[in-house]
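Listed next: structures, encoded as structure tokens.
Both complexes shown next keep chain A, but they swap its partner, so chain B is in the first and chain C is in the second.
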Partner chain A sequence: MTAQEARLCGLLLREHFGEVVEKIGTHLLRSGAQNLRTIVNESGTPIDLVKKSLCVLMKHGACRFSIGRKGPGSPVEYQASCERILGILRYPRYIYTAKTLYSDTGELIIEELLQRGHMTMSSIVKMVADRLTHNMEEGRSIEYNEVVSTFSKLVETHFLQRCPPVSEVVTGPPTPESFSDCYLVPSVSLAGRGKRRRSGEDVVLDQGTTKKAKTDLQTHGDEGIYWQVNFERFHLHFRDQTIISAVASKLDQTSSEIVRTMLRMSEVTTTPSASCTQALSANEVFRSLPANYSISRPILDQYLTLLVDDPMEFVGKTGDSGGGMYVVNLHKALTNLARATLESVVQEKFGSRSARIFRLLLRKRHLEQKQVEDFAMIPAKEAKDMLYTLMSENLVLLQELPKTPDHAPSRTFYLYTVNQLATARMLLQHCYKAVANLIDRRLFQTKESKRLLEKSQRIEAIMASLQASGAEPEQLTEVEEMISAPEKQQLESLRHHINKLDSAENQVDETIFLLKSYVASTARITR
Partner chain B sequence: MAGRGRGRGRSNLTFSIEAMGFAKGEGLPPSILQPTPLFPPMEHKPVPLATGEEAEYMQALKQEFRGAMKTLPFYIRPAAPKTDVERYSDKYHSGEPADNVIDWKPDWSRLPKELRIRVRKPVENRVSLPVDRMDRSSANHNLSKKEDVLLKLEALEKGEKAGSSEDEDEDETKKKQKEEEGTEGEEEYEEEELEEVTCMQMYHITQG
Partner chain C sequence: MKTRVLEEGQLDLLRNSSGLLYRMKDAQSASKMKGSDNQEKLVYQIIEDAGNKGIWTRDMRFKSNLPLTEVNKILKNLESKKLIKAVKSVAASKKKVYMLYNVQPDRSVTGGAWYSDQDFESEFVEVLNQQCFKFLQSKAEVARDSKQSPMIQRNSSFATSHEVWKYICELGISKVDLSMEDIETILNTLIYDGKVEMTIIAAKEGTVGSVDGQMKLFRGVNPIIQPTGLVKTPCGLCPVFDECHEGGEISPSRCIYMTEWLNF
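Coming up: the complex of A and B.
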């Protein structure tokens, strides 16, 4: 939990849950596990607001409670989870992935779950059905069963999981996987269709609304079983997507299809923390290729050989039985992708010659000043300059190798080196800082133009009401003219800036995901 | 001791100059005496952002999500401090957020007991809320028992008359606020009713 992460968490909490939750959340992040009274005293917030914030944070999984440190009698302690809050950055990506895999129904299910933290299956199904019905044309509505089937598919592929049961005596962080019924869909009696919410008509029907009150009180047999989004599964999916698109851009579409097939086949057999997938024989791969990619067997063998020989080492050969046993090297792929990211960052920031020096140092590990100049084929003065710039940014380190025990400077080797893991961590922190700055800038711009935005919103509302009540065109144009042309321009440019800032946040999040996966994967390997 | 090295030890540095790559006689670069500028000039311009359908869709999703979160009960706004004198109409205006009431219904079995707060009752009974709060709040309001009972009967009557439709009640309370507050309330009321018809993008900007 670094200062940059804490600042970013604070901004994310403020945007999504308000300033009260931001204050409590950042306080918990900075001071670790605390009990309720300490939080109230140290943060200076009234106890009711603290209670509400803690309830909200726990509903969304950002905070958990555990028994106090001093034993069973001591008050309950609360601990906030930095990673979970940072995950809010990635919500649009989760929703978009659900849309590509399970179309609109899946998208809405994931969106509703992300907005509300965790919910019972019946409430999700009802809400999603109502929303889908609302967006469809008049006269059509969605059966609950359709939503239930999409929900079951999401659970089968592990994208959704049950929340683990909560008990007062919690020893460590509860892992949902340790709960045996994690992916068991309860048998629920849900019959009905989505209700279309009509704005004006609800007022009239008395019976309609009493029926509505009754259905709200119905229990569906799955009380107490809450579902949450399984972020780890989404991350595995993203990792696979990244590898496949890297292969596609480096080699060609067919090789990426082969790698996609291999990853798909090993989805269930590979543990999430494995460094490479289970070995697959070339025969199996040939049989499982998608129907529209009919390549002949020798061609497949050639492609596999190419993939194995590629310096990025995405695919490795572990044996010769069954036509050749091949694995996808997940850890090596992540390492190489992270390395490519670092190289590209240096290139964009310092120019292609500095990038050449950086790549050289990554490949050759330790080099002296003279050797750097020779291998990179850059004149001495410029090479020196670039090296020092890279060193001042902490991308390149200096390793001293004494020849004599008295470490005399004239008799010591000074070697330049790059430490990939440390550099990746540092860049990760830079990314967090970048996103925090982007959010800050967006909030600042919105605040500056607040008056203008409010005015435009009022005018929109007036326009809409006039149109709904059927006014003449002169009235409409009159209202439109209440905003002057320069103001319209200002609004337009404001909208453009905000869109750009949002887009930039999404893109930085992709880099964050890659670097974080690499760091986590390396930590797992070395443990 | 200070003057002893004059002329002899002037360029006695801890590192050898040749190893660092400086030729003899060449000056060292000048030392910097102030912190680096806050916005240093960039020699290389950044790569343009990725555009395309996917990027735009995700950006729209992000803005919608932010806007939706602001409307959900999880967005906690602290109750505005009462700066004015207590007024008679206070007990009929429950007003928006109150600190000791939570707007959504959590599953209390999953939360520690100490966090339990009163859940805000649904809209039909909103008129009776001020009466309840008057009962429990601190010694400022000293109502006798008879007044309590009378007020409760009044509130229940009102509750029945107002009917069971949420919209009507909301409209009523909104109308009351509108009369009190003037044009601000009117726009809020219109926005409330017509938020679906309002231009989506402007909605995103103001909410996000």
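Coming up: the complex of A and C.
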């Protein structure tokens, strides 16, 4: 866990959970596993606040507990998980994916779960139904069953999983997958429709609400079964999406559909940490192609051969049975994507000629100064300048090969080289710093315009109450004019800036995801 | 008698494994050296032996065992008689190599087709680069639009290095004659630009453009990803990224690049 990651985690915790949780969280991140007393003493916060912060962190999976190091009798130790906290950055992407796959219902389910960490199925269903009903027109509402069916679909495709039960004896939390009923939807008796929340009817329904509160307390048969979002599954989905879009831009739409089919078929059979999917025969692929892509069998074979022959090596052939056994090379695809990312960064930052030198060094591994100039066809002076700039940014390294034991400079080979893995790690840290900078800037801009924002909020509240109580148009316009035109413009530009910073954070997060997957995949391969 | 003929400069004295050999100098070269003394003859001999690569003054000194001042005087003398010439080397701009007047300097000295008067012709290389890329790209597009089976599409989007060479020659943008290897170095730079990929196939000896039974095929490709997210933010391109800290002189709150980018 590096300084940049700690800074980013602090910012994210502060935004989502407040300053107390941020303090405890960053303290835990910096000092590793600690028991409750030590946390209280070192951070200087009262014990009940520490307990509450730890509860919040644990509910969201950012902190876990384990037996103390000194043995079974010692107090429980708590450890914060940096990766999980950094995952907060990716929440918008998860919600958007759920929306594309399962429309609004799915989107709201995931959003509610992400906000609350762990929830029972019945409470999720009720909350989502209420929210959906609230957004619909008058007189329509959502049946609970519809929400339940979307929920079951999400569980079937492993996007949601049960939280593992915590045993009485503190042995440490088991992983969710080790629990056999991980993806089992409980049979719940949930009948009813979503209720629309009306602000004006609160007074009238006072007696009614007490009765309603009693009925809401009824148990639905799934107490104690909590659900959480399965982040690993979402990450696999993102990885597949990136590979498919890379194939689409390199080759064509049909090839990307074939790769999509292959990845879909191996979703459940391949372990998340495999370097390539299970072997699929061409016959199976042919049968599973989507109905609107009716290509004939020989054409499919041709496409598969082209995919195998492509220098990017997305797909590989492992055998000839069943019309040819094909695998998707996940690790190679990630390596190529990471390399393309590095090249794109060099190109945008230093120009296309430096990018040419960078790509040249990636291909040829080690080159002398003269060879770089010759291959890249760049005049000597400029090539030297570019190489030294790249070296000062640590993108290019110098390898010395002495000819004589005394390492005399005139008798040593100096070779330029690029180390892809180290460069990827370095860029990952840059990404973390960039996101932290963007968040800092956003908070700064909000703080600068705090007075203006408060004023506009007050005006909106006045307007809303006036409208609800049925005011005349003159009163409304009078209230509106309390904000002057330049202030309105300032507010508009502030909104525009904040949106831009937000979307930039999401874009950098895409780079973070790609680089992190590549680093993790390489670490698994070399272990 | 032998010595007199030698002195008059009509015979060359050579040594081989079995003893001394005498060779008659033809009249023309004999007249050239008339009036020059032995040292000059020695120097001339050495330069002749160096062929088209030429010889540097320091090597000259080693080979002839003459002091520097002598060598320089002789070289100046020979140059004024238009028997030798000095050619500037492209590798080290201060170095001069000497060769016979009517000898064409070797490629390693002048740098070949890409150098004109010791200057690397960057614009020429750039123009060739773009022309080759356009040719390959249009070929790939034609292949893609033909809507045939994918195998045929891909094979027809390939161009051999020979085809590209013919196209460039016909374009006539080059004043110098370019060989197929020259075109291949240009195509290699396109590979390093990430715009083109290459495969090698086995070809029958004798088919046009094949070298040692192989042919190189090139085709234009699309990039596999869009410019990555990091470079869409000012931080990704910032030249002072490493000096930026919250609360410092350069910080995210006061970053002028961010202000410009937000107001865009």
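Rule of thumb we're sticking to: the second predicted complex is superposed on the first by the 517 of 527 C-alpha atoms of A that agree within 3 Å, B and C clash if a C-alpha of one lies under 4 Å from a C-alpha of the other, contacts with A are read in each partner's own complex, and residues count from 1 in each chain.
FYI, a residue touches a chain if its C-beta (ideal position, glycine included) is under 8 Å from a C-beta of that chain, and two chains touch if they have at least 3 such contacts.
What you are looking at is a predicted structure, and each value in this text was computed from that prediction instead of being measured.
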{"item": "First, second, both or neither for A:Leu160, with chain B first and chain C second", "value": "neither"}
{"item": "Contacts of A:Pro46 with chain B and chain C, given as first, second, both or neither", "value": "first"}
{"item": "Chain touching more of chain A, residue-wise (chain B, chain C)", "value": "B"}
{"item": "Which of chain B and chain C A:Lys349 touches, first, second, both or neither", "value": "both"}
{"item": "First, second, both or neither for A:Ala434, with chain B first and chain C second", "value": "second"}
{"item": "Which superposed partner A:Ala504 touches (first chain B, second chain C, both, neither)", "value": "both"}
{"item": "Partner chain in contact with A:Ile462 - chain B first, chain C second, else both or neither", "value": "first"}
{"item": "Touching partner for A:Thr341 - first (chain B), second (chain C), both, neither", "value": "second"}
{"item": "Partner chain in contact with A:Cys55 - chain B first, chain C second, else both or neither", "value": "first"}
{"item": "Partner chain in contact with A:Tyr96 - chain B first, chain C second, else both or neither", "value": "first"}
{"item": "Chain A positions touched by chain B in one structure and by chain C in the second", "value": "348-349, 380, 500, 504, 506-507"}
{"item": "Complex contacts: residues of chain B adjacent to chain A", "value": "14-16, 19-21, 43-44, 46-47, 49-51, 54-59, 61-63, 65-66, 68-69, 72, 74-78, 99-100, 102, 106-107, 109-112, 114-117, 163-168, 187, 190-191, 193-194, 196-199, 201-203, 205-206, 208"}
{"item": "For the chain C and chain A complex, residues of the former touching the latter", "value": "114, 120, 122, 125, 129, 144, 149-151, 154, 185-186, 188-189, 191-194, 197, 221-233, 235-237, 241, 244, 246, 251-253, 255, 258, 261-263"}
{"item": "Parts of chain A lying in touch with chain B, wherever the complex brings them together", "value": "15-21, 36, 46, 48-49, 51-56, 58-60, 65, 75-76, 91-93, 95-96, 111, 114-117, 163, 166, 168, 199, 202-203, 206, 209-210, 213, 224, 226, 348-351, 369, 380-381, 384, 409-410, 414, 446, 453-454, 456-458, 460-462, 464-465, 467-468, 494-495, 498-500, 502-507"}
{"item": "Residues on chain A engaged by chain C in the complex (per definition of touch)", "value": "242, 245-246, 249-250, 252, 254-255, 299, 302-303, 305-306, 311-312, 336-337, 340-341, 343-345, 347-349, 352, 355-357, 359-360, 363, 374-380, 427, 430-431, 433-434, 436-438, 440-441, 444, 493, 496-497, 500-501, 504, 506-511, 514"}
